[in-house]
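Right after this note come the structures.
Okay, so chain A shows up in both of these, paired with chain B first and chain C after.
Our next item is the complex of A and B:
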């Protein structure tokens, strides 16, 4: 019985994964309908992300160590992508454990406002209570605030570390949702063809023209701004490109003889989709995913910048927005998040390029 | 009914394309006996592969569609079986091997995984046992060091080795019928001989029924119990290897045999059959071979010839032997050889 079901979805691994998803949905339902709050909304995303990463990222890499080694060797030849990977790894570590060591990014302290980064000194007009006049005061950067403070005295380092967490959350989770939907849409549409293809692709077209910004404004208007909604909206609207690319890839795969061969040996449609088509398009999907993460990170920063972000979290966009207001007195408040955002986007792009070249058998590395 | 394990009657498979209806298989019927090696021969596009795919209902639809006919297997008409039943039969009772071993294997899984896949699917064995059986099968079809090579990916195998893997996968569940669609076409001559040996062995030692599809008459001569010569989606002539090679009666078969290179005869040029393969969208009226036939009778361009058994199991579909043509015409046509 169990064997039959697992054969149907193309292996035990898929079955366990579907089981994990069902458990998650069950917890979610009991969360909604029973009073107790079991998990935070974002924690569902983490668990989903972790499940996908373990079942379809870490396990296959471990199971095919030889192939992993081969791809690693090819990526290694692409120096920029290795640098990108190192930067992303650093960012992930910072986002995971950084907040433990830094100060509270929301702590306001007007006594220490507009402190420059270490090594810089700025002149400020300060109202001297005793002299009852404005005096010019030299404010040096201190190790207390290595990257300085903003106009409310909040620690820049703490805010950037917190922003890294937000950006990676949005980037990884939203892209994961988008890629998950896009892959299934694309493969199903290509494999079944005909009416299914028509319906799914027209739906994709409609989604492509749908202004996601409007949807976001609408949702924020109804439910209030929240990071979960931002992730959901970006994820649920940006799968269209993936769906199209995966479809075109799967269209050429489905005419390959091994699909017919496994059909002639008694494989079911679901099995062919999960076991033969998806593993073959996964390299394309990984490349699309890596290359679309920076776009999503920038989208979130842009939303925060114009004030549509989650006000309870400090993202890079929020800091940028604050910096733009005090650009004349404290340039570092805008410049620092800008540089980090720039480097992050660049790192993901380099990594994406490296992975693409490594997965493309035609490129001579 | 007797020992026919597969009976095909009046099979018609058409492809509905934008340029018209391609009658790829137009009313073909034959039967396959237990332990028989039946060869379908004919040039490209005569419907050989379409027949094979129709038996397992693997025709891509659209554009293809099985218009009519019956495919009887153990008292069951496969053309009316449910999808679930068909999946049980495919691979388990009727297995198929394809022409191009280069693309018949999934590039992202190891070879052993792919052979074991069917075993797990149909026989319900656990992974370890399935891998065990897969390595045994791969050894059987002549893959050296099968146990180690199972962990390799398809690109690490040569064409002949890949075809062996495909045969191992097809044999994994001990099917009753093996359909081989030009299994040797993409291979070079020495490998081809080895693969043919495997087929011979299968028939002799496992009593397997084989439907062998090829356009290579040399291959056919060495392994076939019965040969069906096809032309333009229809049967032209059928009989034993002796009937077809030594006493061909249909003008098309005679033409085919005539264009085989003969090592003993001193000839500078081969004798081709004049003309082109007919379009299957607008096939010639009457006998589909008549525009190219050197011994055409008046009736040939009017009526489709009936199937006539001229001796025992030697079947000829030609007006030269049909009761429809006038006796005088027939005599003239038959005597008109060269």
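Our next item is the complex of A and C:
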């Protein structure tokens, strides 16, 4: 199915995409060696993400409206995946425009600490200045803080919105990097075989031997945490699964007639790899990308939960950490970020399942 | 197969495992050397304020640990020391890393072993039952719950279990693991109930799915139809013919999961419940800048994963005569 998409769109697209990448690399070089900073580190990831999304997502879908409609109808059959997609869209909108409406997630206000969510009332020991003693006070939830506040009086809603932004950044960008590396590794390894295959696959084996989370902790420990670096590290360590899968997919494609035909017509290796192999493994790649986003989001949350996240951003893991500290006094601080994290993971899992069934109902992925 | 069948296969697998081990060690060495702070800085952070001139201390440390030698000699030293069991000195606990590991590995081991027993036995049973009753309410319920189990972040599940069942909740369990309890005692088992559920739920959900699809695959095979046609009772068909064929791939997947899912999960579980296993030790060492401990525990994780995969592969070829040795 996907092959038809690529043939219609043509090979000019790849050239423009590589051109965009080259421009990005040039800007990167000037940022490294010249004084004036043109782009923030995170902006490179965004531009890269945008380029991939436009050239290999939006444009092909737009150019083949009939096929797009066909895929959409098949995904629609999977009711849960539509719900998942709706939730993810909602989350993206919240992450994009939410911070405009919410309060500052880092604003500490001890006068309003441990305020429960709206509709709940808790009892707290409060020091009464006039009576000069501790009194039990009923504290009701207010609309000022719809989801309550934590033990430092920070607004829960604001922190969760900020966390949504962090999680989506990490999830989408890191998986994009991982999938990019994995696809290239897999296709090169399968198509060229021999020494290239051996070296790349042995390296994949070595990387796969490391327990993912332990390796992540180890690298962050050595290099120090920052959001950009965490995205990069997760991307650079989690491509192994994609590489293996793409390799086995490409191996079976290599012997198919249309590749033989194109080879005997004198097509170059680059042309076969870019025009025939990659477009044909794309559907597998999209499925594995969607299904690996939740793992990455959880890994980031776990990192910041144990205190190895970027200390300058408020992520769901940071809130959960605060929540574990105040389980006795403020249960909502631990419950709320966890529920959203759980729903996000569930949504991506549902969507991934739906996409897989839409692309290939027989797949055993 | 030319080189002596199974024995040749095992020898080749061993050589390959040794090469991968060397690769793993090399990757850690490389990461340590390209890191922004040299190991000497990390040592220095532990000895801060003991002397007036840090550059002198750095020079002394570099000489002591051979950091002033050429990089290939450092590499050879690193590999040789690891192989000899000389894993460095832990500053934060003032003992050799080897001794620290010997003292604490058992806590991780018991947590992982119990979680695997719990999740594998329950997961496989539910998976089989769900496959036999395919497209019934039970099957849908099991599928639904396995989806939730896979999606629930295990460290959050742990916190929720603490909130509900210990401390200010129902108060059935202690919030923190009591290290005074003797190992392999009933009280210790009780203290591990919540950690095992925390670590085991996600694994169990995964195994339920694997087991269900493995059993369903085999149920459609010809030999099952033959067995049924012979008039064998369903209990024998499922228990002998289907189960025996399905169990091997399930076990392989369980063993393969060990490095990816289980170790990361155990790391977090130990931190949440305060179990003094290797994860907790590594966690403490990170914040004490005690880098030999962090390196060693990462390596141990990789090597244990490698070893289990090796053993699984070899045992697999013994158990399943259809496997070829290449």
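Keep in mind that, in the parts below, the second predicted complex is superposed on the first by the 335 of 365 C-alpha atoms of A that agree within 3 Å, B and C clash if a C-alpha of one lies under 4 Å from a C-alpha of the other, contacts with A are read in each partner's own complex, and residues count from 1 in each chain.
Keep this in mind: a contact is a pair of C-beta atoms (placed from the backbone, for glycine too) under 8 Å apart; a residue touches a chain by one contact, two chains touch by 3 or more.
This is a predicted model, so every value here is computed, not measured.
**Q** Once the structures are superposed on A, label A:257 by its partner contacts, choosing first (chain B), second (chain C), both or neither.
**A** Only chain B; A:257 stays clear of chain C.
**Q** After the superposition on A, what does A:331 contact: first (chain B), second (chain C), both or neither?
**A** A:331: touches chain C, not chain B.
**Q** Residues of chain A touched by chain B versus by chain C: which partner has the larger set?
**A** After superposing on chain A, more of chain A is contacted by C.
**Q** Determine, under the contact definition given at the top, whether A:306 touches first (chain B), second (chain C), both, or neither.
**A** So A:306 only meets chain C here.
**Q** Based on the superposed arrangement, let me know which partner A:265 touches: chain B (first), chain C (second), both, or neither?
**A** A:265: touches chain B, not chain C.
**Q** Please work out whether A:276 is in contact with chain B alone, chain C alone, both, or neither, and reply first, second, both or neither.
**A** first
**Q** Let me test your reading of the model: by the given contact rule, A:194 touches which partner, first (chain B), second (chain C), both or neither?
**A** Touch status of A:194: first partner only.
**Q** Give every residue of chain B touching chain A within the complex, in rising order.
**A** 56, 58, 62, 87-92, 95-96, 98-100, 103-109, 117-118, 120-122, 124, 153, 166, 169-170
**Q** Give every residue of chain A touching chain B within the complex, in rising order.
**A** Chain A residues touching chain B: 3, 7, 67, 194, 256-258, 260-268, 271, 275-276, 279-280.
**Q** Which residues of chain C touch chain A in the complex?
**A** 19-20, 23-24, 27-28, 31-32, 35-37, 147-148, 150-153, 155-156, 159-160, 162-163, 167-168, 213, 259-260, 263-264, 267-268, 271-272, 282-283, 286-287, 291, 294-295, 297-298, 301-302, 305-306
**Q** Flag every residue of chain A that touches chain C in the complex, lowest number first.
**A** Against chain C, chain A makes touches at 202-203, 205-215, 217-219, 221-224, 294, 298-299, 301-302, 305-308, 320, 323-324, 327-328, 331, 334-335, 338, 341-342, 345-346, 349, 364.
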